[in-house]
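Quick heads-up: structures coming right below.
After this come two complexes, each holding chain A, first together with chain B and then together with chain C.
Let's turn to the complex of A and B:
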């Protein structure tokens, strides 16, 4: 399955990059996640439990998040693997940042590819696709909220 | 009697309890102390199980036990009871839970038994399985090619069996000499039966007697007991009672012995309490059998005048990751041997590859092999007609087996003959009902306006009433049992009649139609007859309900029992009337001396006299009670013509069914309303295969159509009001003259719809569209033209 999305931050690109790299901020922004726990001996890798409450994909999932291919402040990759509800989810997202001088906004675009096995797979893209859209929207919005007002461009 | 009961559309005796919700389905049953099981299923289509950690699940309060496949190594793998005949089968069957390897998404690997289903489901989430994921293959043809992932060690190139029937040399020669040869690759896509009630099982073990009682959603409870005791558990058959309570539809998927039934039975002993497992709809999609899934290369040869001379078929039949109970029998005996259809085709050869893939189990689904055969034949006939610019009705008439040719030996039926038929009559009636000539005019006019109307034919035959045991048991057919049926009839002291039958009713209305046969023969009111079935305690052995065999085999056993009862009643009546038995007759429920109907003994009086035993002829035992076992001398061969009219929107690819005419000949009809119901339901499912339904696996073996939101079942609002007609050609095979009506719709409808769509798109040069013919596929075919 492939997903794409766009989110606009009212901040400069460096500020957005910093918040994207802040694991505390990420943990607060990830839907259903309380804490990101660094995995020993694996750089840029964290463990997390998530509680989701969206229709057929409700339940507890445990997963790992890894950051790679960082090119500050333009680009990085997030690789996610999760398990729960008799299902296995693997995904990778490439995130690009671009600053729009005119509007004074940072535009984030993401392209993700995911594979789902087990119970969740049989629900199909019908449920998963809107859920991913909704959760990614929530995630970026929650990150955006954590940007201090003095750093906002508008 | 003023009017016959046999042949009357009386209302179903079973319906009041069904429509008021009083009927108890499996999941309605509650036993004291009952525990609940939930099954952990593999999220991978092909994987080795490296380890399973159940400790966290076992620690959940309310959990009574957590088990994996390793805990059941003393339980045998399930049997495969119908293998492809006369050839080697590389058999791999499920275990109650898979201990080492899974071969499809949804295979059970662990089970939690708990005080409630909620606790069991929660605990299930805590089981950790460490899998080694292996590459998967889902396409049956690709699975046989070199380099494909190998699923079972004993099945090189994933081939379970290779089977053939017919005359290879003759067919090759005839195709070589044919004036016209047409080739096509047709896919009969995988379908998911989706009965209204999902599966389930409750088992109770009694240590004092070492006996099991097992309630399960089965179309064949006697066979389930036989397979579970003799093959899976290795215990005496008498130590188990199997009860199939009210069963909410099966369509074939509830014929089979499933791992869960054996698992729950084993758990009831391990836990020491009754255990229930009720399948969720999600489980039903992945773990209950699917149907069809053939990839077929067909070649048909004909003369320029439209005479079909040869049919060669090479089919890859997808059997899934592991074999269900009768999986190999469906694409062989029930498919290849039916490829002559309603036609004289002098040369036929069919080669079948039964193939393992990393998909759910495939077995019989309503029609079972015969819809696949009919699709091949009816498409082939239309292809020839199209190539030669012949009328599709005309080419059928030209090639029909004439009514004078019965019994007809199509030569590929391994000795069986079509029993009776008048194919031209059924086609004629259907043409008349549809107003064929008028339609062709309307079609031409519509084309002038840029509207695309099409008409499609399907002149099918099917084989019901399987089967003579001595035939199905032949080495060429591979069936591992008999196929007779049985019935016991008792007329109680009060004149009320109790029939116990080995057949099983899960929507067919046996309680009504059997009562009609009894009422007709004994002259008692229908209300005075009760029919008991689906419990191995108290019913004689039967092979179960499938293949449209309950009228033409099961109810013939009822009829034969009634003849024995009538014979005894006649003797008793003669004795009471002080007449010689040769001088009395049994008529309209009374025994009287020929010509003196006024002085008669009613069946109720005779039943009372037989039960009391005060005055019986010398040597006669008390009570009217007899049992018959009926093994049919032949199968029965229903037939008919279905005609579908569609309009295709060439701009969007949307198909609208304008009319659907069905003329079926199912022999004598016991209850026309019930037959109409069967025909309607079957057509809905057959149309759905043509237009909407289809199981979709991704390349990793994940089922993408695993819910009622994702799998396109037919809905009433998508279908027109069916125009149903009948011709009646009694079957000479059995004394009731019945043939079978449960599957005609699914067998006939699919090619009728496809042929109609292709007829509509003929001016646009479209010759082929794969099923389901979704608007996207139709639109793309139009663009390619």
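Let's turn to the complex of A and C:
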């Protein structure tokens, strides 16, 4: 399955890049996560247990994320794998940043390819794409909130 | 499959349910149970406590008196059969009659349905079109939420933790023409696309249109672009086509897709069912 999305930050591109690379900020933006634990011998790879879901249908997923292909401050790749709710999720997303001079906003676009198997795939198929859209929006919003006010452009 | 272990408590009043919800963070309300229990049996949700509100008779009334009030525990079957609902807002009676199958309609309740906020469900679409108000009660008192503001996102409502839906209020719609047009999933009867039209007419001219889509998007949504297209127009074939195009454009990338109905198909059907709803409302 392919997903795409856009999120706009009210900050300059360098600030947005720094928050995206900040594992403490990422941990704080993921519900139920206290910290991202680095995986030994694998660069730029962390593991965490997160409580994800929508309304009553939420559960604990244990997963790992890896950052690669970093081209600061323009783009990088995020690879995610997780297990939970009797399901397995694998995905990779390419994240692009672009600064809009006129609006003084940084526009993040993401393109993801993901596979879901198990219970979520068999019964939740009709809502997977809006669920991904909703949860990714929540994640970026939670990151955005952590940008200090003096670094905001508006 | 069997659900995970849970405690069960039957509440005899709304006050008691609210109190129990406040005392137990991992509790869920059980009304008709036709969304909650399947999710529990799949173990997608595992609440520690179920608070059964199904026996609170004061939440079951349907009465028309200045406005139409439907208690949160009115079943879909009772909403569909109610003479008051049929008279006040026939589109709601029709939508309720199209939910699931007879067994689901005999148990599922309108309050449970809207609190669950399944995107493929019918009542949210017609309640927004009617301009309904959702009344809720929590530990800090009661509040009224416009249906349009109630459905926030996928399975997400404006309800705060600990709040209970008590009744749904539908304003006086006399003089309006309304209809609900639905494409059902052949097995589940969930809406692939559902559109409700509530029209205020002056002769052939549309004074105001309230048009709402469900099923095709993450939550029932007003088709404001199509509403604007129809305002002040004669509702001929060209106007309906223009409204359908506006609706399709508004749904855009928000259309959901699955194995039964891909996103581009659903988007196209929003236009079709919008026209059907309007035609059916005009009679």
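Methods note: the second predicted complex is superposed on the first by the 146 of 154 C-alpha atoms of A that agree within 3 Å, B and C clash if a C-alpha of one lies under 4 Å from a C-alpha of the other, contacts with A are read in each partner's own complex, and residues count from 1 in each chain.
By definition in this document, contacts are C-beta pairs under 8 Å (C-beta built on N, C-alpha and C of every residue); 3 or more make two chains touch, one makes a residue touch a chain.
Remember, predicted model here, so these are calculated numbers, not experimental data.
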| item | value |
| --- | --- |
| Partner chain in contact with A:59 - chain B first, chain C second, else both or neither | both |
| Touched partner set for A:134, first chain B, second chain C, both or neither | second |
| Touched partner set for A:85, first chain B, second chain C, both or neither | both |
| Touched partner set for A:115, first chain B, second chain C, both or neither | first |
| Contacts on chain A seen with chain B and repeated with chain C across the two complexes | 56, 59, 85-86, 119, 123, 125-127 |
| Complex contact set, residues of chain B against chain A | 40-45, 105, 124-125, 282, 285-286, 698, 700, 702-707, 709-710 |
| Residue ranges of chain A in contact with chain B within the complex | 56, 59-60, 84-88, 115-119, 121-127 |
| Chain A-touching residues of chain C, taken from the complex the two chains share | 28, 36, 39, 42-45, 47, 116-117, 119-120, 153-156, 217-218, 254, 256-260, 263 |
| Residues on chain A engaged by chain C in the complex (per definition of touch) | 54-59, 85-86, 119, 123, 125-127, 129-131, 133-134 |
